[in-house]
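Next up: the structures, one after another.
Okay, so chain A shows up in both of these, paired with chain B first and chain C after.
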Partner chain A sequence: MSEYRILKRPLLTPVTLFFGVLAVIGLILLAKRFIFGLGSVTNLNDGYPWGIWVVYDIMIGTAFACGGYALALTVYIFNRGQYHPLVRPALLASLFGYGLGGLSAVIDMGRYWNAWQIINPWQQNFNAVMLEVALCITAYVTILIIEFLPAVLERFKLETWRRRLDRVLFIFIAIGVVLPTMHQSSLGSLLILFGQKVHPLWQAVEFLPLLALVSAVTMGFAIVIFEASLVSLKLTREPETHLFAGLGRIARWLLVAFLAFRFIDLTRRDAWGYAFDGSFEAFMFWAETALFILPVILLFRESRPVHSPGMGRGPILFLSGVCVLLAGALYRINGVLVGFNPGPGFHYFPSVEELLVTLGVIAMEVVGYLLVIKLFPVLPKPHPEIDHGKSAATSQAPAAQA
Partner chain B sequence: MKRRDFLKMAGSGAIIATSAGEVSARGNRPVSEEAVGMLFDATRCIGCRACVVRCKELNGMPPVTSEGAGMWDEAQELDARTLNIIKAYKGEDTQGQPEFSFIKRNCMHCVDPGCVSACPVSAMTKDPKTGIVDHHPDICMGCRNCVVACPYNIPKYEYNDAFGQIQKCRLCNQKGLERIDQGLLPGCAEVCPTGANIYGKRKDLLEEAKRRLSLKPGDEYHYPLNHLDSPFTAPAKVGEYQTHIFGEKEGGGTQVLLLAGVPFEKLGLPDLPERSYASMSETVQHTIYKGMFAPMTLLAGLLYVARRNTQDKTPDELD
Partner chain C sequence: MPKDDSLDRIAERLGLSRRAFLKFCTGVAATLGLSSQAGVAMAQAVAASRRPSVIWLSAQECTGCTESLLRATHPTLETLILDMISLDYSETLMVAAGHDAEVARHAAMKENHGKYVVVVDGSIPTKDGGIYCKVAGKTMQEHLYEAAEGAAAIIAIGSCASWGGVPASGPNPTGAVPVSEIIKDKPVINIPGCPPNPYNFLATVMQLITYGTVPELDKENRPKFAYGRLIHENCERRPHFDAGRFATEFGDEGHRKGWCLYKLGCKGPETYANCPAIEFGDVGGGAWPVGVGAPCFGCTEKGVGFTKPLHEQAKVATHTPPDMFPPVHPDVGQGVTPGAAALVGAVAGAILGGTAVTVRELGRMEKQAHDEHDASA
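Right, the complex of A and B next:
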């Protein structure tokens, strides 16, 4: 028996329809971008050549897509088999996150028809951080597809192929851990070359790859908690708190590590003064830091045998997950946009159309995710320790449809 | 794998990476003997903008006009049609006295350029001999990492074109123009009437800049016109210089050097460390990826652990 099941729900629901409409709006605006140029949709300019499409769709989007990476580390490397039921949903979210991140990169390219040069060995520049990022993300999308294949083979009952794949799957699992380690750290290294344009609170130079990597892994754990909470709340009504409480315990130590590296870096570069100069950047730094510290407090309280009454474990974990995701997102926005100053005379704030494209990309992920979990065995089977009679009854209720 | 084993493995990986770093840490790139460039002396510039016009003419760039105005160029800033510009600065000095200066802005042709380091497909190149930073739109994929990585915001992308490209000053030596190769001068140096902007080898220009700084204000000096070895000079009284040659050391040095009578930050030039950002970035990158040793070690370890952790499971426990 597989640990996974197909969610028996109608494919078309008001939720999918809503996100479907958002996705279509995004696609229409993308058509405009390709016909009239990047300037017709975005507020990009000579001082701010990278906007929300790069920062959200690629930098934040792929960090949000680190769930598969975080779980592969936990389950296959640290051998914590109990989290195995969460692997497939996380892999699926990673696949969408990375796939659309790669697609966003092409959309943002001013000369996308030359994108193939990235694999042209006569042109590759191995000094360029961007080359490593581009190659690694492309390779990782392929690996994610292979890692997700068992769900497809299981669906079509191709048992022979399934067994063959299982024998070599460990190779892809191992590569699937190395690749995100490489490109998530490099996404941080990209900022070294921005030099003096990046505010001292975020220009960590040698520390950038480490900070980017640790925050991305933490965001990977947070997204698993976030998605599993949403799915169990809205779709299956079966709390999986017992599964992801342990992930919260891992995430809190990663958060502590991130904050430690962050503070060590600010101290070594003598940059603390900027955090107290009353500037907008200082305010954003504290907003970001507060979002990193809050889940640490929540997660350490949550794990105590008796925690404060009022809020259940599930909501605390969910809230912590949301905080971590916002913190990691803000850290990236701050480094690349808020704390990015190309000099006097330049301003950037994303245009409405630019934001709608980003929303459209997120909507595509949601629609895709909802469709695939209803077509392939992705979601974990109900946990045997939980009273099934009740949850099975609620999951049949039409009100629970999403 | 036990957590301790993993930490040991990760730790040794980190040690390998950092110790390899000491070997591979690279400093700024050296200046080529034959490197060419320009020296702009703001104290000599009269703001005639002949260089802006000549630049547009040679590079086939249309003028920037505002609505309802005549057919003259009104570019206020460098943009994808303006690769060279003269800007005016008006302000007060430290004593509250009014001060004024023109400044010429164009690609600085860095000795160790960030744009070249950033470009994943080598569409941005630095000539090994002349040191000219050139761009190849037929290779460029338009990621604009060069724009973000340029401390002077020089490369400009054409955002209002569905098939836009990156534009930048290529010292008039790009394919099809090749003025340097033909023994001609860059357009802006060719037309400068006062000797404010001259062309030459970087080492000679640096020597000339140092010579000017050693002159006494008020003395007469014969400023060479258009290029260093020019038979034509313009005699003039030496102005008050800031004792700083911009580009001698900034960000690893530039091949376009600047002299001025007012501090450079007031003229819109960034305050850069002597070590180039390209050398910092490449040192970090090559430390981590030296010979792909660290990633391969990590992969080998992970392969071993992942195989051990998956082999004793039934197919259903896997995926």
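Right, the complex of A and C next:
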């Protein structure tokens, strides 16, 4: 008996249509990019070879897609079975995030027809962080597909295959926890290689992999809260706060850890002066830091009794989730674009078409997600009890049952 | 090289090793642009021949040229005047004074007739019969005619003797003229400069002593080895000129950073001299006017030094800089466009609005669920 269900809703809704149109615009512009080259669509130049596509679609996109990773860590490594109902929707979001992230890497490649050389052993440079990221993400997308397979097998009632898969699934789950740990930290390491081009407020050198990893895991928890809140509000009309309230308690400590690492690093590099020099970078630093601190305050307030005045638990969790996602996104944008100075004379701001492609990629994820949850058993089954965090599924859900 | 006692003797007299003496001569040969063989020849010439007689006449001058020579270290002035030449008359350096000095000069001119070298520093006054500069009751013009008559070579040292210099610049109350305008029947070698680099003078003298010849001269009678190229061509600040980085004011950012002094009136682009190549004072490290941030004022160039205003821009003899330089860091890439800004703003607005609405609705839904829960309980 599965703890997941297929959402019985019409496939075509105004929301699907709206995001569908955005996705189509993105696809048309992508066709233009592949026919006329990168320069016809993007504002990229020799000083800024990485634009919004790398920063959003790959760096932020895969961090947003860390929901599956964060939950796998919680459920399978720390053995918190009560969160198991949330695993499958998170995996689906991760699959879309990573799949489109990998695709974006190819889109952003000037000579994309050489992309296959990544898996060609005699063309591999084992000193390259990029190679690690590329191989790791490719492998992780495959792992995510395998992890999501049970939902497909359930849908088509292939019980024999389902049981066979269950016997080996733990191997893939284990790999699925290792891989994001590797490439999410490597995405931070890429900034080390930028060296002096990165503003001192973000050039944390040895701390970069750690900061990238901790922020990515936190964003993973945030996206689960964000996504589950929206689904419960817009699609099921059943509060799921009891399922993910505990995730907020984990996220707040991760946020504290992130901020601690961030401040320790700024202190050890004597970089605090840059935060007060009145520059645009300093402003962006404080905007980003405020977005990191706000959810810490909100999440520590959240643990007060439910009936206290003010916002309820659900809204607080949702708001915190949004803040964490924006903070993590801003941290990445700041490091790679705002605080990036390739030398005098170079400018970059994404072009309208470039932004529309990014919006198109987001739209594809939303449409894909909405379609899949209506076709496959992904969403958790409604629970009779409301607002009782640990009651749900405490005794069930060993790893093999994913 | 044949074993020659004379080299040992002169080396001993100079208090030098034979090796050091040969090294010095080779160094002078190198200054002249000659081979090391010439250095050996020079050493033998210095050692063997009778020291040539030199008569140094000082006209309207400031003694700066002599002072400059005093600062030479290879050779030092005493080596020059005691061992290489016989300085028979010099108002600054000779011990004798008054009638004794005059006697020495006349004796030297008589004894070395047709062989001695006349060196003149300072310009010659001509107004009112040249009465503005007199020595021993005679005007400088008379002295010059007298000395030039039996001279093997005449060297005009310094800007005053070469072009008239300070005394000849307007309003020129003494009617000062350069040596070459008094002595028309013999070639006058000009070693201009204020003061000239002592090595340009010494190298010319050494060639005269060694080979009895005059170095190749340009059309202004300056030795080409020293005055063959523009200061501009060898200037260490030249790259700044080509890149369009100019100091525009004394003490401004460009001046402090060692940029080109052209816009401060540096005359390097129209002045021929080897200053940037050999510098001054034997200390190295850019010890010459432009090197220490003072624009060249063109002392070695006729019609430039003491004539052109100090801060007037030079007439560049080679390539003039363009009025507009391409930027060092050309603008690459596209900044924010109104469309992109609008789109980013719209997305930010959608996120903010969407979050606000969702927060409110979530609260409402939660409250509703609670109420139902309480009611059922």
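Quick note on the criterion: the second predicted complex is superposed on the first by the 382 of 402 C-alpha atoms of A that agree within 3 Å, B and C clash if a C-alpha of one lies under 4 Å from a C-alpha of the other, contacts with A are read in each partner's own complex, and residues count from 1 in each chain.
Operating definition for what follows: contacts are C-beta pairs under 8 Å (C-beta built on N, C-alpha and C of every residue); 3 or more make two chains touch, one makes a residue touch a chain.
This is a predicted model, so every value here is computed, not measured.
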Exercise for the section: Put chain B and chain C onto chain A via the superposition and say whether they clash or fit. Expected result: clash
Exercise for the section: See if chain A has more residues touched by chain B or by chain C, and give me that chain. Expected result: B
Practice task
Give one of first, second, both or neither to describe whether A:195 is in contact with chain B, with chain C, with both, or with none.
Solution key: first
Practice task
Classify the contacts of A:121 with the two partner chains as first (chain B alone), second (chain C alone), both, or neither.
Solution key: neither
Practice task
Tell me which partner A:47 touches in the superposition: chain B (first), chain C (second), both or neither.
Solution key: both
Exercise for the section: Mind working out whether A:344 is in touch with chain B, chain C, both or neither, as first, second, both or neither? Expected result: both
Problem - Touched partner set for A:314, first chain B, second chain C, both or neither - result: second
Handout entry: Which of chain B and chain C A:14 touches, first, second, both or neither
Key = neither
Exercise for the section: Identify the partner contact of A:241: answer first if only chain B is touched, second if only chain C is, both if each is, neither if none is. Expected result: second
Practice task
Would you sort A:233 into first (chain B), second (chain C), both or neither based on which partner it touches?
Solution key: second
Exercise for the section: Would you mind checking which of 95-103, 131-139, 185-193 or 203-211 on chain B runs into chain C after superposing? Expected result: 95-103
Handout entry: Set of chain A residues, in rising order, touched by both chain B and chain C
Key = 45-47, 343-346
Fill in the blank from the handout: Residue positions on chain B within touch of chain A in the complex are 1, 3, 6, 77-80, 114, 117-123, 137-145, 147-149, 151, 153, 156-166, 251, 268, 270-273, 277-278, 280-282, 284-286, 288-289, 295, 298-299, 302-303, 305-307, 309-311, 313, 315-319
Practice task
Spell out the part of chain A that touches chain C in their complex, as residue ranges.
Solution key: 43, 45-48, 229-230, 232-233, 237-239, 241, 311-315, 318-319, 322, 326, 343-352, 355-356, 359, 386-387
Practice task
Under the touch definition given earlier, write down the residues of chain C that touch chain A in their complex.
Solution key: 327-337, 339-340, 343-344, 347, 351, 355, 358-363, 365-367, 369-370, 373
Practice task
Within their complex, state which residues of chain A touch chain B.
Solution key: 1-3, 34-40, 42, 44-47, 49-50, 75-79, 81, 84, 87-88, 105, 108-112, 114-115, 117-118, 120, 123-125, 127-132, 134, 147, 150-151, 162-163, 166, 169-171, 173-175, 177-178, 181-182, 185-186, 189-190, 192-197, 205-206, 208-209, 342-346
